[in-house]
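Note that subunit A is present in both complexes that follow, paired respectively with subunit B and with subunit C.
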Partner chain A sequence: MSPLGPGLADRARETAVRLPRLLTAGVLVVLTVLAGSWLDRVNGPGNGDDRPFVVTGRTGETVDARKLDVAVLGMRGGAVITSYHKPVDTAGVWLLVRIRVTPRSESGGLGWARLTDGRGRRFNLTGRVDQPMTVTTSQPGLPIEGELVFEVPRDVMGPISVQLAFPPIDQRMDAVAEVELPELTAATVAGWVATTAPLTLAGTPS
Partner chain B sequence: MSTRGRTPPSRAGSDPVARLGKIVAGRTLTRLFRTAPAVSGLVVGFGVLVCLPTGGFDKVRDDEIPVVALGDPFDAGFMTVSVTAVRLLPDADVLFHTHPGDRWIAVVAEIEVTDDRTLNELSLKSAFRLTGVQGLRGNVKDSLTGEALPDAAVLARDSQNLISLQPGVPERVGIVWEQDPAAPLPRTAQVEVYHFTEGVNTIGGDSHYWRPGADPGAKLPDVPVQDRRKG
Partner chain C sequence: MSAAGGRPVERPVTDPPTWPPLWPPVQPPVQPPVQSMVRLSAPAVAPPSAVTPVPPLAPEEPLEPGPPPSRRARRAGHQDAGWLRRNAWGLVALPFAVTLAVGWDVHVVLNQRAAERPSVTATVPAGGWGTSGQVRYRVASVDRVTERLDKYGLPVKLPAGSVLWRSHVDVVVPAGVKAPGCVTRLVDREGRRFDDGPRGTSALKATPCPLDVDDGPGTGTGTSAGAPPAGSSAPPSRSAAPPTPPPPSTERAVQVSLLYLLPDGARPTQLWIASTDQVPHYLALTVPSTAS
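For the complex of A and B:
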């Protein structure tokens, strides 16, 4: 009989059997985590499986954005814009993008837009002024036209593009239209900054 | 030797059907649950052993937080900030009381977004703290420290609620807290600004801001509070 007594001896034996299993399980857990971490690094975090489907186009072309047909018609800019009957200035410059949106099979309108400049900076629609195009809906086949307003820095230049989509919040796994705009030059932006006459959004009574 | 009801290895190990039956009967699960506390204990113990010598449990001393002077710009991760004043403000149309008669106290700062994307109001407000001021309502509190988060952000340019700041477009901004009027009038305050960095969600792949620690990246101690309630 073990000097530890029968009960304790049994437990000691049992522990001796279990300990290697526990250690093996622990090692397997660590190896699994390491393998997952390595796979994550190889694939890149969030490997883009749920990224939006980007459909590209040029100014003037109609681009299919799944629930909408969209077309970018042009752009202009200025230092002051009228919103809710008041002039609104900026430390940057107002950049207005004129678009046409046509719902395809159900009523709706533009939910989201973002502008990207030549340095890769991404500008959401400004919340400082009225944005009637984001709240206006239409019926299938009936186009609506208007302007989107972006507030951008005065050093914005180079190739710029605008992205347009139907979902207002989450564009993953949905279509996003990406349209190239005419390349911006420093002279164009300087001209806009010098334009102090307030811009009025096309097609709106503001 | 006691087998305590254990199935002999020759039967359990070689017959997959018998093994599946044991799992369904719950014996393997029972063993797993029995050993789970020991495994957890080992893991936690290992963590503590690693953290202790490396200072993981040490509280960051207040004097280790970088001090910035009023008006000096500093890098706060997604933006550069230059705090210019702390002020008591008059009532304004864009500031909504949760308790009528409350005071408004604001950190005034020049801010430029240096990140490559639009910064929204919530992310901006989450970077600022005001300490040494009693009676802040703290309608929204920091989830880690319980400190009062700002109640509003106002753009100085047009005195409107700030919704977002665009990259490369510098603005003067008021970060505003609501204060109980029963609290003493603050003479000085300490402004703390957290340094946020961009992280990528490893599941969805979308990027977001996070702060690496529970301590501010910079502080401005003893900023005089200007009383501008009567213009």
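For the complex of A and C:
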């Protein structure tokens, strides 16, 4: 007779039988979760399968961005910009990209833009100043023109490009127009920094 | 515990109480009969003279059903069964569970996509009535706007290369139904869809949705537009005289006018309209051919 008594002895024996099975099941569950995590990392979002369809173009060309036709018309820069009738300065430089947007089949406008410099750094539209082009819509076939404002450091130079798209939040599996801008030189940026006159957004739709 | 004088009270020592057992006593295992042990160890063969007649066996009584096996015993027997047998119900349920989980996910995603994409539920010929929700709609006219001054007397400024169009839509709201708003799009021959109320036109005359209709029967505001029975197709009419006067106590009729900005050269062919509770499912009302 076990010192634990007959009932406890049976329990101990049963636990001894069941414990390896429980451990095996637990290990299998952990392995399954790890395998799923690995598959998600290999096959999931961000691996490139759902990346946007990039359509490239050059300054002055009209690029098809699925719901929009976009064209980059030029760029300029400065150290101070006027927003809501007040000057706003920066430790870097304000880079203004003039664009034309034409909805193709339904009413809409530009929803998203991003600038990439020669080092691969990416700059979203600044939130420090008014960005009327991102809230203005137009009708199909009727273009609107305006400027986008990026705040970039003064060491930005080399080949830069701007990406434009219709979806404001999620550009995956959608068209993105990528337009090369004229190459920036240190002299150009220095000239912008030296400009003290505040920039005013041109062609801003009402 | 102590008495009033601080001395502990002496109590007689008694045996601890006996509690009923929590578990029923476990019966010791039944030992096999000794005969078998003898037979296995050393076969003993009795001399023929020592054989005593065996009394006839009494007829066996039918076995009474014993108590059901305990849960532990059943579990032990279950674990002894094969893996397939132990997981048979799970295997049967697995395809249904996977189908339900994946199918429901796909169903939700498809519904979300469908909700974002406008669709046309019915195409109505020119001058005909269509129903969106509980409200009936008909295109009365679609014309170019020829006004040069807005309601403030200022000149109308339009983007270069654009033309302003105005649609008049007859709306019939059943009695007792709160008039909903409506969403419209003007479609041209190329399939391009133009929203109403483009920027820069707020100073122009228009009567957009939501409809200014009282809930009382027959008290609709705006131009009376007539209300033929639902589903009927009446010829386009620009006159204020309704072709078939509706019962005033059952329906209210109004007319809304909406503005659209189209590129020069575009010709409207359809007007998509939907009550706000029906978006994105639109009615495609064919624009009368008199649109110019």
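What we mean here is this: the second predicted complex is superposed on the first by the 157 of 206 C-alpha atoms of A that agree within 3 Å, B and C clash if a C-alpha of one lies under 4 Å from a C-alpha of the other, contacts with A are read in each partner's own complex, and residues count from 1 in each chain.
To be clear about the criterion, contacts are C-beta pairs under 8 Å (C-beta built on N, C-alpha and C of every residue); 3 or more make two chains touch, one makes a residue touch a chain.
This structure is a prediction, so every number in the text was calculated from the model and none was measured.
Looking at the shared chain after the overlay, A:Pro140 reaches subunit C, while subunit B stays out of its contact range.
In the superposition on chain A, the chain among subunit B and subunit C reaching more residues of subunit A is B. After overlaying the two complexes on the shared chain, residue contacts for A:Arg66 are found with neither subunit B nor subunit C. Applying the stated contact rule after C-alpha superposition, one finds that A:Asp10 touches each of subunit B and subunit C.
Shared-chain residue A:Glu106: touches subunit C; no touch with subunit B.
Looking at the shared chain after the overlay, A:Phe123 reaches subunit B, while subunit C stays out of its contact range. Once the two complexes are overlaid on chain A, the subunit A residues touched by subunit B in the first and by subunit C in the second are 10, 14.
Across the complex, subunit C is touched by residues 6-7, 10, 14, 17, 104-107, 136-142, 205-206 of subunit A.
Listing the residues of subunit C that touch subunit A in their complex gives 23, 26, 72, 76, 79, 159, 161-162, 185, 191-195, 198-200, 260-263, 266. Across the complex, subunit A meets subunit B through its residues 10, 13-14, 18, 22, 25-26, 40, 44-51, 88-92, 119-124, 126-128, 150-153, 155-156, 172.
Note for the complex: subunit B touches subunit A at residues 1-2, 4, 35, 38-39, 42, 116-118, 155, 157-158, 160, 163-164, 166-171, 200-206.
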